[in-house]
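Please go over the structures that come below.
Here chain A shows up in two complexes: once beside chain B, once beside chain C.
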Partner chain A sequence: MKNTIKQIFHSGKFVTGFVIFLAILLTIIIYPLVVAKDPLAMIGNGNFFKPGTYLSIQDTVNSGKTYKMNVDATASIVESKLTMDNRSMMAEWLEKYGGVDASEIDVTDAEGLIALWEEKYDPNAEQKGLIAAKKKKYQRLDNEIDGILEDVPTIIAEKNEETGELEEVQSIDSKQYINEKDVINRQNFVLGTDNFGRDVLTELISATGSSLKIGLVAGIIATVIGLFLGLLAGYLGGFVDNLILFFTNLFTVIPSFVLLILISYSVGESQRGIMMVALLIGITAWPWTTRSVRSQVISLRNRDHVNLSKLSGHSMLRIVLTDILPYVASYVVMAFILQISSGILAEAQLSMIGLGPATTKTATLGLMMQWATQYNAHLNGAWWAYFPVILVIALISFSLNLMNTGLDQVFNPQLRD
Partner chain B sequence: MRDGKELKPCLSGRGVTKVFGFGDAKTVAVDHVDFDFHEGEFVSIVGESGSGKTTLSKMLLGLISVTEGEIDFQGKPRDISNGKKKKEYWKGIQAIFQDPFASYNMFKRVDSVLLDCINMRGDKNLPKEEKERLMTEACSFVNLKYAELTNKYPFELSGGQMQRLMIARIFLLKPKILLADEPTSMIDACSRATILDMLLKLRDEINMTIIFITHDIGLAYYVSDNVYIMEHGKFVESGPAEEVILHPTAAYTKRLISDVPKIYEPWDLTTV
Partner chain C sequence: MKGMKKYYTQKIMWYLLTLVFAVLLNFILPRLMPGDPVSTIASKSVEGMTDATAIQKVYEDYAAKFGINKPMYVQFFTWVKNALRGDFGISFSQYPRTVSDIISSSVLWTICLQLPAIIVGWILGNLLGAIAAYMKGVFDKAILPAFLFISNVPAFGMATVLLFVFSLKLHIAPAAGGYASSMIPHMSLAFMKSVLSHYQLPFWSIVIITIGGQAIGMRSMSIYELNADYVKYSRFLGIKDHTIVKYVFRNAMLPQITGLAMSLGTMIGGNLVAEMVFSYPGLGTTMLSAVTGQDYPLLSACTLIITIMVLLANLLVELLYAVIDPRVKASQQD
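What follows is the complex of A and B.
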């Protein structure tokens, strides 16, 4: 036994898979201890905030401490606001409708271009051949760059309650900075927020935990049912074997996913919690375990050591538990690992079509995918709402399959590289 | 008759048959065989591979069902209809199998095999020291040291040691009948002599019937009182070893004898 475990941990594949899986597991355990956030708290008031740190504007203004620097903020703002696309658009308009000669326009000189634009552009000018949408676009662009070059200080004013007049409190020019650390109220969304305004990272880690729980429970149920029926059918043989094999074949020929959909649907939304979905996945996933355990037991039951055990007067239960089970144990462990992996995938599939756990109390990987799809995360360019989820699902499957292959190579020396 | 003692029938069968499968896929492994094994007798069943020897031995042991025919155990019809009766029957008949490496559960320590025997004898409640004394005694009978076996797993023993431990098991159980299914075929010639010697010693000590199943007619001649020659599930010839092997009548027996290679003589392969 000790030897086998030693051998398992010498298998590169198993160790790689194990390390990835352990890392995921440790993240699930440690993260909530460090970040005490409710994973489903709707923090953002709106859809799909992009990843980053969000600072409170009021705090920023009222932080009190400002730092003067000799770096002018205007130039870089112009650079970042005026993309090359916008510049060529502007050049095009100026050439066609502004009557400017092409040689006068230099798109690389942002300030010159803006000066020229502000001089020539007139939204009411006759723009022949330009569709309305394009016209509007030019107007929006004009608004955007309006006053971009002017270095007018921003005035912060307070309303006097008695007179109703605005009183200047502070005047901010482009060379004034504040330290990020002086801002007390800030929200850090490493992976942005999802459609409900929840922090995706926190939600993802909690969802990974629930999905693993579903996979584990489904795997245990499927393996226990499969092992029990397989041992029974294989060892007893005869009528019991035929009966069990009949039901196993029945479950094998009906695609288990279709079965899963039908059962999930008929169970009803109110009943579909996380454990219910795990149970459903478990009771549709056992046939393959049963079939292979059965065939292994059939080849084992006529071995001499089993016969000797019978001759030593051992009961059937004892023979099955001590003379047959240890011989199939390695296979069962591998099947269990695969069942966990396929359980997680089955949950994701079910949730994607809206038949997953119908709960607002917890998130699962499948549910996160479903929400991202329903709120068109892909159309909004909100990659952070679905891509990390896909990555986590892939990583879990990958690590579990790698562990399985590693174990297979240890228990089945013919497969060693 | 052996050493002039009256022979009591110990295990006998009439029309014992085993059929595997049915319809077109039917295989008759053992075909209506009759036999009488007596107390204290060393009987050999000789035949080539596939002649039904092992199937017959499994039927005698009650490990597989008998399709047709009757088996009498100690003068009474054998009754192994339930687990309790089977357990009782197995106190009277035990076996040693062909492959010592497959006879052990590789997840259990080897001494557990001996401990099981003591429990089966009904000595479950003996003090630990007494159990150890019994196991030591059994091991020394087969020239093994009990102290060296404790905490060992099957793969740490040699084939000869494993098979001797099987004999120690029989020594502890002291059954009326021992079915030895080619116990020496997986073992080298030197260990083979030791094991046969031990079986004969055991037979003399507890007046046990030994049913020795082998493909080696030469070996059968050296050790057995009576010989049964088996071909395609039937006994083609039977009787005292000297008579059958030195003066064979059946063609199959003659062939089996000529197939034994002899030192200093060219081997006649024409009959093979």
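What follows is the complex of A and C.
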């Protein structure tokens, strides 16, 4: 036993998979201890906030200490405030009426463009073929640009209780800074928020936990059923074997995906909790395990040590437990690992169709995917709502599959490269 | 030839039997649901009605319409009889349309998308896997982990990634639907062009996923075969390398074909979910709308059609297998 474990941990593939899986597992356990947030608390009021740190505006203004810095902020302000539409409008005017050559105009350089504009633009210049509305539009654009360039301080005013008049309290210019640490109220969304305004990172970690739970329960159920039927069919042979084999073949050909949809729909929404979904996935996933256990047991059935046990009059249960089970154990473990990963995937797919766990109390990876697609995150460019989920699903299944391949190579020396 | 005939009839009989079971399950499972589906539908249409006898009348009407006042086996045979004629009843969510009308318009989209995609993915995957096994070295070292990872990305995941990169960021392909929403399906060059441009992303997402899984399987099968005794023996005999490679890949191919048959159901299921991401007008999207619209006749017709499609594809693969694998022929000869 000790030797086998040592051998397993010598396999590079197994170790890589194991490390990834362990990292995911540790994150699930440690993160809630550090960040004591309710994973499903709807913090954001509105959907799909970008990833980043959000500072309270009031706190920023009232943070107390301000710092003067000698940084010319106009360049970056101009860069961010001058929209692409405005830039192309400016370029168009300059080229047509300003007599500037197209090669001299660079719309990506906001400052250069504005300098050129200030130099050439004249509202009274002759603009042939231009309707009055368009002329006005250019004048408005000119005013807008002037506004951007002028460094007008922002004024904070308070309402006087007695007179009802606004009184200036503070005037903020572009050189004034505050330290981020002085702002008390802030929200940090590393992965943004989802459609309900929930912190995706916290939600994702709790969802990974519940998805793993589903995979584990489904895997255990499928493995227990598969192992039992496989042992029975392989050891008894004859009619029982034929019967079990018939049903196993039947359910490998009828897609389990279809069965899962039909059963989930029949169960009804009120019954479909997390554990129910895990159970349903488990009872539709056993044929694979049955197949591999059965073929293993058949090859073992007539080995000498089994025959010896039979002659010694050992009970069938004892023979199966002591003479057969240890030999198929490695296959069962490998099948179990694959069952977990396919269980997690099955839950995700089921949820995307809308037949996953009908709960609002817990998140699963599949439900997160479903919410994201339902609210069109993938069409709105809100990548943070679904990319991390896909990555986690892929990583879990990648790590489990690596572990499986590693084990396979240890137990089947023929497969070693 | 007589042996092959026996093999074929056996296979076809077995699949017919499976079909009978699948149909039975498709009929029984939804009816095991607590409360009957008809009362849920009826309760929708009596909403707001106050007259008790009128409500009773509606329920009875519905019961008679769906035949649930008859014994179960009678219901089953009526259902099968109707299904054989292509009559799956009327959809609840898209009311005046019949289920068979909705299904027949979406089945073609799914088949035209999935069949070529799976075949192309399978061929490319096997080629790449075989090349990786034969070349070894850097190509193998680089390609294997990549494919190992890709094969573990769910199909809908690959679909969203492609959608994000090629549609939202690079604007190369349209994001959703099977054709431009301003068009009405008809035979014209413009419509065909629109269909093709909407086809790319769903197609490639399925192909890439399939390649990943197949390449790994083919690679390990090829390595296994390359180390087999007959290869060493052939080398001793001085048989040319490319002849040996032909033997090896033919042998490595066979488990891949069985593997394809076995995993077809799972694959198609996953691909249907990928279809939903693109709102492709195929069965996946239809199924989604059936679930959200609580449209039970539509859903059960969808699952039945998918089962039949998978069974047919499986049967086809197994029949082909007999042609390719000489051992099947030999075993049927005696």
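FYI, the second predicted complex is superposed on the first by the 359 of 417 C-alpha atoms of A that agree within 3 Å, B and C clash if a C-alpha of one lies under 4 Å from a C-alpha of the other, contacts with A are read in each partner's own complex, and residues count from 1 in each chain.
Criterion: contacts are C-beta pairs under 8 Å (C-beta built on N, C-alpha and C of every residue); 3 or more make two chains touch, one makes a residue touch a chain.
Keep in mind that what you see is a predicted model, and the values were worked out from it rather than measured.
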item	value
Partner touching more residues of chain A, whether chain B or chain C	C
Which of chain B and chain C A:126 touches, first, second, both or neither	neither
Chain B versus chain C as contact partner of A:312, first or second or both or neither	first
Chain B versus chain C as contact partner of A:402, first or second or both or neither	second
Contacts of A:304 with chain B and chain C, given as first, second, both or neither	first
Contacts of A:266 with chain B and chain C, given as first, second, both or neither	second
Partner chain(s) touched by A:101 [first = chain B, second = chain C, both, neither]	neither
Contacts of A:150 with chain B and chain C, given as first, second, both or neither	neither
Interface residues of chain A shared between complexes with chain B and chain C	none
Touching residues (chain side chain A, partner chain C) in the complex	249-250, 252-259, 261-263, 265-268, 271, 341-342, 345, 348-349, 352-355, 369, 373, 378-379, 381, 383, 386-387, 390, 393-394, 397-398, 401-402, 414-415, 417
Complex contact set, residues of chain A against chain B	303-305, 307-316, 322-323, 326-327
Residues of chain B that touch chain A when the two form their complex	58, 61, 63, 83, 87, 90-91, 94-95, 97-99, 102-108, 113, 116-117, 119-120
Parts of chain C lying in touch with chain A, wherever the complex brings them together	14-15, 18, 21-22, 25-26, 29-35, 148-149, 151-154, 156-157, 160-161, 163-164, 168, 175-176, 220, 223-224, 227, 262, 264-266, 268-270, 272-273, 276-277, 287-288, 291-292, 296, 299-300, 303, 306-307, 310-311, 314
